[in-house]
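When the chains are written out, they are named A, B, C and D in that same order, and each has its own residue count from 1.
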Amino acid sequence: TEDRRRAEYDHRRCRVVINVSGLKLETQPETLARFPNTLLGDPVRRQQYYDAERREYFFDRHRPSAEAILAFYQTGGKLHRPSEVPLDVFTDELRFFQLGDDVIEKYREKEGFSVASSQLSLNRDGCFGKLWLFLELPGSSVWAKLYAVLCVCFILLSISSLCLETLPGFSERAQNPEVEFTTEFFWIETVCVAWFTLEVVLRFVACPSKKDYFRSVLNVFDILAIVPYFITVSVVLASKGETSGLYRKASLTLRLMRLVRVLRIFKLSRYSEGLKMMGSTLAGSGSDIGMLLVFMVILVILFASAIYFVEQLQPEDSESHFSSIPDAFWWAIVTMVTLGYGDTYPQTGAGKFVGSLCALAGILTISLPVPVIVTQFDRLYNQRMEKDWEERTKKNVQGTEEVD
Amino acid sequence: TEDRRRAEYDHRRCRVVINVSGLKLETQPETLARFPNTLLGDPVRRQQYYDAERREYFFDRHRPSAEAILAFYQTGGKLHRPSEVPLDVFTDELRFFQLGDDVIEKYREKEGFSVASSQLSLNRDGCFGKLWLFLELPGSSVWAKLYAVLCVCFILLSISSLCLETLPGFSERAQNPEVEFTTEFFWIETVCVAWFTLEVVLRFVACPSKKDYFRSVLNVFDILAIVPYFITVSVVLASKGETSGLYRKASLTLRLMRLVRVLRIFKLSRYSEGLKMMGSTLAGSGSDIGMLLVFMVILVILFASAIYFVEQLQPEDSESHFSSIPDAFWWAIVTMVTLGYGDTYPQTGAGKFVGSLCALAGILTISLPVPVIVTQFDRLYNQRMEKDWEERTKKNVQGTEEVD
Amino acid sequence: TEDRRRAEYDHRRCRVVINVSGLKLETQPETLARFPNTLLGDPVRRQQYYDAERREYFFDRHRPSAEAILAFYQTGGKLHRPSEVPLDVFTDELRFFQLGDDVIEKYREKEGFSVASSQLSLNRDGCFGKLWLFLELPGSSVWAKLYAVLCVCFILLSISSLCLETLPGFSERAQNPEVEFTTEFFWIETVCVAWFTLEVVLRFVACPSKKDYFRSVLNVFDILAIVPYFITVSVVLASKGETSGLYRKASLTLRLMRLVRVLRIFKLSRYSEGLKMMGSTLAGSGSDIGMLLVFMVILVILFASAIYFVEQLQPEDSESHFSSIPDAFWWAIVTMVTLGYGDTYPQTGAGKFVGSLCALAGILTISLPVPVIVTQFDRLYNQRMEKDWEERTKKNVQGTEEVD
Amino acid sequence: TEDRRRAEYDHRRCRVVINVSGLKLETQPETLARFPNTLLGDPVRRQQYYDAERREYFFDRHRPSAEAILAFYQTGGKLHRPSEVPLDVFTDELRFFQLGDDVIEKYREKEGFSVASSQLSLNRDGCFGKLWLFLELPGSSVWAKLYAVLCVCFILLSISSLCLETLPGFSERAQNPEVEFTTEFFWIETVCVAWFTLEVVLRFVACPSKKDYFRSVLNVFDILAIVPYFITVSVVLASKGETSGLYRKASLTLRLMRLVRVLRIFKLSRYSEGLKMMGSTLAGSGSDIGMLLVFMVILVILFASAIYFVEQLQPEDSESHFSSIPDAFWWAIVTMVTLGYGDTYPQTGAGKFVGSLCALAGILTISLPVPVIVTQFDRLYNQRMEKDWEERTKKNVQGTEEVD
């Protein structure tokens, strides 16, 4: 190894000086040669920046970004933007030094930029392509915008009808299966479902890849929005001729179908940037929320058991609010999230002590993973802000690149 | 393009060295020439800092700010203060390097300084100007201060009277329209409204631009503070002669007028820096609060529907607390903000499960946009601190500039 | 001014190069001469670091701190520690470069170090000085520690007795003024007050400055701890001979005295670092807490008025929970802090809407100033951590200074 | 001392220049000699990087880390990673400059890496070593994984049985000691305890150090999981022959044993990274939680006393909810954590004022130490993320080291 070290040392004498606006970085040619497809790594490309007189490569570029660019070569491909350098300036430098599209893309992903927008670069020509554009990009034309507004209206109409239907006056009538088909709510629902079905069919036809169609959560919600109607109608029609035996048996199914209908509110997220961010946040912090839930479940079992055993020691005349441990779960949850409905509460001194610990444990437990989730949301939020800003200033940046 | 690159290279040999307290920045004359009206961009102005012996421009200025100044030229006008550099030191450097008032103003705006204070630079001479000064700047004279104190007293008096009026003993008497004009509360209200009306008239007269008058939210609150009185008095007077038919018809209007009267509490924000900050925070985070409300509405509809359908599955003997979905909205909100009044709560196991999810969803939903709003408030808060500090140290800074 | 500039330029040629571990700072002698009592500002003192060969001053010191030291001279006395540099390392550099005790002290104050400890440097000799040391510094001797433990015990005993006295069995007896002097609680109280009185006398005697004695909040709590006893005993003795007329008249006073007795719990803060921090935090964020309270009061008035007027529109059969606006204050507070006792709550749709807004407004209002206060607490907390760490490593640092 | 200073100055001329990728650090040989076992401190080892032509040591290493490496020598061993440098890059540099394993280990500890993993380097050969590996590292083999899954199943089964046992139908039967041995719950418990006992025995046998066995909290929970069973069975068996006198006397013990059984839920933390983090967080913020509890206790006593005295001033017809100060503790806690069950609440105006203050004080008190605890959790969380990342990229780093 001594020989190897000597050889290394000989190489070391041969140094490359890179002067970025006065900041002189020195390294060895081998280090730069690790990424031969980049501006600095390719001896031919970097030649044009060589200043033979001063024996250095000179770049009139952003100086605070320079160390990070060199560290990319030295650490074998790790990119770490200094906190002082704004995101867009750093991306410009990465592009200037030609680190490669895949490196830049990976880096942008690390900074929290989703790469989903690449889907938009699919073939947009032809009849289906135009339809797809019409359906997916409300900003692409006036008609697309109008269509989007109509969709939102139908969603709101359908949700409103679902809610109002349960008002005492209406719900009594609706409970009766004979008249169910004649209420105004049935007709509203039918029109809405017709529209939603049309939408599903159009989207499915227009979708460039039928496989991807079912992978998108939004499309699943589209389908969930229309399925309940068809099941309900089938059951009611089937039970028409007979006595109402089948109808009663299917009662739970029908009730579930009504609940599923509410999920169509998530169809709105197709039209709201905020809801998409919310969804991405939840998807991105799935493991943290899972962790929070596991913590909660363990503490709920612990405190529910404790309160159950402790509250049984009550004086004879009063009765414990906690008839069993599973019954005490609800109390433990309500206490941990500091809801405190007041339907059940400890009555003994020891129970009150357990209750106090339960509330404090709940506050701590909930406050621990929340910052992790909030950070995720903040990153998405700032990304959106950045994107807005980028679009507004795109021309400006291109102009600057021309000058360089 | 090869030719162009060669030309660029030739230019590149010609470098400008800028030495800021030992930090040697190197760039090309072209880069500096992008902003010819600045100290560095103007060859004549920068000449006086030229050190012919060392062939560099030497500035005995703040070294950590220097890279950001150069980056301003290289990135085509982007200013990014390094986190190490305090705001006032950086502003001093911007002024020294003569980046221009508009750049500095824009930069200060980016840092969260409002530019509203420019309004103060309007013509303050003449009778109206002095009146305007008297009304808007309580610190301008002793009389202005006394006037402001009087205004606050009248606001507090009027709010107190409004609250006390509803105490059982008083409110019974006040309900009777015949005696309404004879109660002490009516006289207090009359005096207060007289004062407020005078204030409105004075401010309107003194306001340099009549258009701007109605744009200010504070002035709108001024008007809202007096309108209810005149409407109420008109209605009562009109219904005096007749039977009380009109009075009864206008009952809702009168009630609304009473509610509008409470809004005069916002008149206080003219005299409190803290309330103004609160208002600016809310105005500046309008879109975030809107996003929060949309999240809340969607989750409320979702959980209200879920709890309604789930709670209907109760055993026969007990009755669901949720008579309809709209009725369950209230429960969903009360649960999501962890209020938990206890007037309605789930009674079935499935309902309790839905309730637990609802509370957790609420906690997460509310905690997501709150940091964004808090950050906005913090920025305004620090800006106020900075402004206080700046005013206290203004002389000191000017002294330093003399030395430089 | 042109002449002045030329003169300045001539000066400029004469540069001082300061090499801190390879970081070459260049400045002018005039800049350094602004603070002639410092190591760099005094030509004689800095001479010993001059390297005539390289024509520079060389310091083998902490390199990341160097720019901040130079900026101190350039900005006319502003010190800003770079976030990368730990607090103790930076303080060492300040000491090495002899910026002066007052500058270092001011800087430490800015970083959140209180200067209260200077009080400890008072004359500790003589009999009173030793007594003062014994009372104020439990760590100074074993007897001082034992004394402190005894004090804490008496406080806890006295608080426990105060709480237990109100338990149903005891309180009935205690209500009777005749037996009040014979209960065990009276004797416990008497012993405790005797001890507390002794403590007050000793502290007052030992206090080097009698003026300062009454300024300290802790001493005020000491006095508040004993005053109620003497007042109560006087009243009871005075009313002994007479009929119980006087006793009844003084009933409210006696009740207040009992409440004041609870304040002696704050005497504990003399013995707990955490409680002192809590107190300092509250004292340091007084204006923020005031701002929070003003926000709360305004929103409480607003929402209480709104709920009162809105809830009066109820159907005839049910009655509003809000009999007047002042009565609704309690509801508004309970809703804003998301307590939600459930004793009063809105029953109409409009009322529920107002209630939802009230809860959201409350959450936002409370969350705005809390981070400001939390930051204050964090600074104190880190300061304590730092102080602990400093004391543990003091020897180490001194050793290092020897080497330099 | 003048002589000493002169001597120092003479030394000072002799400077070492360390060039890290163009960043030229200058120091004195003595400074480097403080740590003679490091790469820079050992003149022989550093020789191979010497560039005789330029008279400097050249390292083609990470430039932003270089100042921190030099500061290590200058400050006598303090290591402070610049925030710009990622943790793994900095650790690589520390290894390259051979600062020593103990320094690196200490540094990693400071960054929040636990050193527990060192335990894994114990002798793993032999029969016991393999058993230990099988029990402690579920990832070591398929059978170990299966065993871990079985353990988790038994824990869940045992907890479920504990909870279900208390359901009304079952619990009545279980109350009767005669039938206790015949219920299905008894048999499930017996099987689970048998498994847990086997686990305890195996772990104890396999543990390399019997002393350490009892130090681990997890092992204590293992033992707590089985002890109640044996005590309960003993008591029931002992009371079999006699009349149920003994059984009744031991009733409280048996009840406590049931409560202790719930603690076996913490056995799960052996299998969940998240629960271990939670545990470490709580262990690491013990003093902060203690501080929070002391604050709470003091405020609870204060507000409970206040509400007790204040609420006694009620009009005759209604009765105070607070019968004594200890009774009011519960209200104070419930109010401070904003639970607000509504079982007790103030009814007088003064009481409502005290209640409002109590809620605000509670919110502030709880929000103060929570960020400190959250920070601790965040550090552990990021450490886990970093560890995951490190394991995935280990090969990559080793490859890079080869090249250097």
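Keep this in mind: a contact is a pair of C-beta atoms (placed from the backbone, for glycine too) under 8 Å apart; a residue touches a chain by one contact, two chains touch by 3 or more.
Only a predicted model underlies this, so the values are computations on that prediction, with no experimental measurement involved.
Trainee: What's the rotation, in steps of 5°, that superposes chain A's Cα atoms on chain B?
Mentor: 90
Trainee: State the pair with the higher C-beta contact count; candidates are B-D and B-C.
Mentor: Counting C-beta pairs in contact, B-C comes out ahead.
Trainee: How big is the gap, in whole Å, between where the Cα atoms of chain B centre and where those of chain C centre?
Mentor: The computed centroid separation for chain B versus chain C comes out at 30 Å.
Trainee: Give, as an integer number of Å, the spacing between the C-alpha centres of chain D and chain B.
Mentor: Measuring from centre to centre gives 42 Å for this pair.
Trainee: Which positions in chain A touch two or more other chains at once?
Mentor: Residues 83, 338-342.
Trainee: Help me check something: in the complex, which residues belonging to chain B touch chain C?
Mentor: Against chain C, the touching part of chain B is residues 19, 21-22, 48-49, 51, 53, 58, 60-64, 83-86, 89, 92, 159, 162-164, 166-168, 171, 255-256, 258-259, 262-263, 265-266, 268, 272, 274-275, 278, 281, 289, 292-293, 296, 329-330, 333-334, 337-343, 366, 370, 373-374, 377-378, 381, 396, 399-400, 403.
Trainee: Quick check: in the complex, which residue numbers of chain A touch chain D?
Mentor: Going by the criterion above, the answer is residues 5-6, 9, 12-13, 15, 17-18, 23-28, 30-31, 34, 67, 70-71, 74-76, 78, 80, 82-83, 291, 294-295, 298, 301-302, 304-306, 308-310, 312-313, 323-326, 335, 338-342, 345, 352, 355-356, 359-360, 363-365, 367-369, 371-372.
Trainee: Taking the complex as given, what residues does chain A use to touch chain C?
Mentor: Touching chain C from chain A are residues 338, 340-342.
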